[in-house]
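For reference, the structures are reproduced in the following blocks.
In the two assemblies presented below, chain A is common to both, partnered first by chain B and then by chain C.
Then we have the complex of A and B:
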């Protein structure tokens, strides 16, 4: 089962639409790393909203994709990990260490835009707000 | 309604099939969504261990109702090389295959019960169970 990869400006969006075998996951990894070069992409989104199981192999493959795309100059963000998956991954002791995640596609795109546009990074109202948010809640228990 | 399924595990497709059957039987047993994901993930890990380390084996899923409780009993059996050091295999972070590990401590945390028998040269049997929360 091939995962469709959509090119959206400087970003690639891979939407996993059904359960994937280990071979499918490896194919997705190969294809994304290739396409980052082919389309000179700056960012990759892997949408796992439709995925029902993220076991150790799937988790490791997602980490590999992010790291390999990183070596090719693209940021990766995993989106759509639903609550049952998050719960199970924690119980199993899995982590996506070093890999960005976002709630859904919209948040993922916003994250990539923020990270890959130098001008936006400096003047972004989001970044300013984020920086000022920390101390406000401090001291409130 | 079948109360037991036997799935031969040889390829990565069999891993998918096994966890889909587990999910279906879990639904029949009335498990909530979170538990169905836990069960499917545990099956995925055990089935992958069979493919990776023993090449082939058998996974059985039993729908069990005893006393006042209902749940799934899952048995993963292979005649592979076995595990030389079970104590180490049950430690978090222990791995024999480049960072993947057997995932056995994780599987144990996902389920209500976990038993393993392994004899070097003869094979490994893992029995896990999950009971429906009432």
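Then we have the complex of A and C:
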């Protein structure tokens, strides 16, 4: 099943609506990374609210998307991980290290807003959350 | 041999019906007897309850009032053979008397006393006709046993329900998730954390993050003297899971023993923010959220 990717200003929003096969995940990764360049996006949000299970491949793909988009100049946030899912993921050792996460779409947008507005970047301490974890290219900007 | 086989069940059915009819006639007679002697038997029963020092938490009047209700329900259950009304009454009675400290043996005791009182009155009535007495008792015993059973089980179930509720309440109380400021939660943990409590704690915390839309959580474990490696690991996992929900966790008040455990199991310090005490933790959380606490100076003009 294809994941719809919406463009919202400088950001791309991909809403995963059902369990994805490995092929779907690869397709999502390809299309997101392509569109980051095409639309000159500054941020990517992957919304997994509707997802009950994330396996290791899915986690790795999400991490890859974040890093690849980072290399192409966009910050990635994974939003909407359920509490139960979060703990299961951690127990399985899939903690999405180096990837920013937020509670829901709204939070994710707020986070990207803060990260990509130069003025806000200095004044709001929370915006630096995840620094050091994130892709290098981003940090050196 | 169907032709010969057929009549036999008919006869036995007929016999069964006849027996059932006889039994129900006897039961009717029995119920009539209990109705007639209601006042006297009730008084006798209440007297024996007091004598046996059961239901000491209740006054004489209360015992008599309850005895009357139980008696009437009892007779009704005997008459109709249905136990729903009695069951409901037993549950209701239990609900009222359990908080007053009535024990299981007292409830079982009073029901058995009633059974005894009624059986004695039957003996007295039919002592001249031994066959009849036997048949009356045959009809009475199973029903009386079932009634005693129903009441006792109802009482025990009610007690168990109350215990479960209290356990639930204690569990909820023992790990409060408190909101101190917009988007800032505090989770003070006191006492011993076993794996089961740790799991429940995590669930509550993650749910709390979601409902309060928390950005920062301070977990204060000043009140926890030590934890084993399993629980320490669980704590680390909780911190990481909270991050997946978009919240930063600050752990405060680690005792030397717990610090030792964390070092022993090799927890990566980069994964966990720790601050010495709760005060420092809250200050750090406020800083992360962009709050600044300044002393209030009397008379100062606000800028």
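Here is the rule we use: the second predicted complex is superposed on the first by the 121 of 141 C-alpha atoms of A that agree within 3 Å, B and C clash if a C-alpha of one lies under 4 Å from a C-alpha of the other, contacts with A are read in each partner's own complex, and residues count from 1 in each chain.
Going forward, contacts are C-beta pairs under 8 Å (C-beta built on N, C-alpha and C of every residue); 3 or more make two chains touch, one makes a residue touch a chain.
All values derive from a computational prediction rather than experimental measurement.
In the superposition on chain A, A:91 makes contact with both chain B and chain C. By the document's definition of touching, of the two partners only chain C reaches A:101; chain B does not. By the touch criterion stated above, A:81 is placed in contact with chain C alone, chain B being left untouched.
Contacts of A:23 after superposition: chain B is touched, whereas chain C is not reached.
Residue contacts after overlaying the shared chain place A:57 against chain B, while chain C stays out of touching range. With both structures placed on the common chain, the touch criterion links A:48 to neither chain B nor chain C.
By the touch criterion defined above, A:12 reaches neither chain B nor chain C. Taken together, the two structures place residues 83-84, 87, 91 of chain A in contact with chain B in one case and with chain C in the other. Within the complex formed with chain A, the residues of chain B that make contact are 12-13, 15-16, 19-20, 23, 33-34, 36-38, 40-41, 44-45, 48, 92, 99-101, 103, 105-107, 109-110. Across the complex, chain A meets chain B through its residues 19-23, 52-57, 60, 83-85, 87-88, 91-94. Residues of chain C that touch chain A in their complex: 202-203, 206-207, 209-210, 213, 215, 237-238, 240-248, 287-290.
Considering their complex, residues 78-79, 81, 83-84, 86-87, 89-91, 95-96, 101-103, 107-108, 111, 123-126, 129 of chain A touch chain C.
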